[in-house]
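The letters A, B, C and D name the chains in turn, as written, and every chain counts its residues from 1.
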């Protein structure tokens, strides 16, 4: 996803940008979709590995993390009305999934490059969720 | 979704059913997808109402709730490996979204039948998430 | 998903039911979400099998089919405005994915019960998509 | 999504890159998720407009397009096994949805900046799907 498009969609929303931290929001949305894609691809790459039987936990965590990241990216893309309680709950669940998935991927990052790349995307998304949670109170 | 299919998928999993409360799990998965579908349909029905301008909050909550319910239903459908921290976080986020969405839909349940039907699906899903959370401790 | 809720959501939509075959539509939506859930669960069950290396194709087809079924179920849940070209394209893609996934699952239905259950859900969804395509012509 | 991450995930897949056009694939995946996010955000922005009653068709097309783009991005992110028939069907459905949604957004691109940005993302995704379809033949 071109980050620029996400930023433009925030800036052109009828609500304007006075009520929102544009940068943190755009960063978090981009990080969510980057992580969702990396996790979907990592689950598939793990499945193709010879040693797939050792990667079952990783695949499962990848798939759960992909689902939560995509959902959180969607929720953050909406600004009409107020839904702060749900937004926070989604961010917290997403951060949890990213941390769990990153920890697992990091265990075999030396052996599988796709796990290393995926772990980095998970850590960026975990951080972006934390950053956004800290500014939306 | 035929509830029976979900139950069969749990019972035929290689892990067996000794580690899981089949009924609570099948009920919660079914409730998640029922609620996801109802919320997607309710958002669309609200959009078609003459008084759509009064239903903006409802549509937004519907869409967020639909995303979280579908994601939680997917996560609960996986049992390979261990991912309890993420499962709990997803269930909590889903329960929160269902409660918020139900409360909004109930405000105009007298005027719009689809909001009444949707609110009931949300309340069932909220309860099913609570029930499952209480047994997976 | 309780089929009854889906039918209620169609019947309480502001557009009414004069323009739509309620039964075929509700059946197809229910079949899509039933199949999406079965495929998500089957991918996970295959992953947990000892002989997972023989089930890679099945897992991949399961995941693709699950995504298309969930998307088609969502698209069919919307009736505001007109989007018939997209609806048909989604139904055709969904039918294709269901047929491919069913054919693969049927290959090891004798050995893995979850593949048998999943194949049946895929065939039901394939048929429901065909039926709906034939009435919306 | 950082395009670089998607490219890395393709390059580090156990299958390698001899069987795939890395650039076209990475471009199409990125275009799918860019468009999915833009459509989700455009639906929400339209909903917040004073003249929302004139934007019902646009919102519905946005939501359908978002679902198909996300699903197609996921399917393209998988390369294990063979699923070419489904891949092509998804690409065709996605291209159709993007073309429909772009055409609608373009009608009010002069009045609503978010529709202009979204229409451009739809046209890029439509083109990327066409490009990928032409190379996977």
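Operating definition for what follows: a residue touches a chain if its C-beta (ideal position, glycine included) is under 8 Å from a C-beta of that chain, and two chains touch if they have at least 3 such contacts.
Only a predicted model underlies this, so the values are computations on that prediction, with no experimental measurement involved.
More inter-chain C-beta contacts link the pair B-C than the other of A-C and B-C.
At the far end from subunit C, in terms of centres built from Cα atoms, lies A. The geometric centre of subunit B is 18 Å away from that of subunit C, both derived from CA atoms. Subunit A and subunit C have CA centres that are 27 Å apart. In subunit A, the residues touching two or more other chains are 44, 47-48, 56, 59-60, 63, 70, 74, 78, 80. Residue ranges of subunit B in contact with subunit A, taken from their complex: 56-57, 59-61, 63-65, 67-68, 70-71, 74-75, 78, 80-83, 85-87, 89-90, 92-93, 96-97, 100. Those residues of subunit A that touch subunit C in the shared complex are 44, 47-48, 52-53, 56, 59-60, 63.
Across the complex, subunit A meets subunit D through its residues 1-3, 5-6, 8-10, 12-15, 29-30, 33-34, 36-38, 40-42, 44-45, 47-50, 66, 70, 73-74, 77-80, 112-114, 116-118, 120-121.
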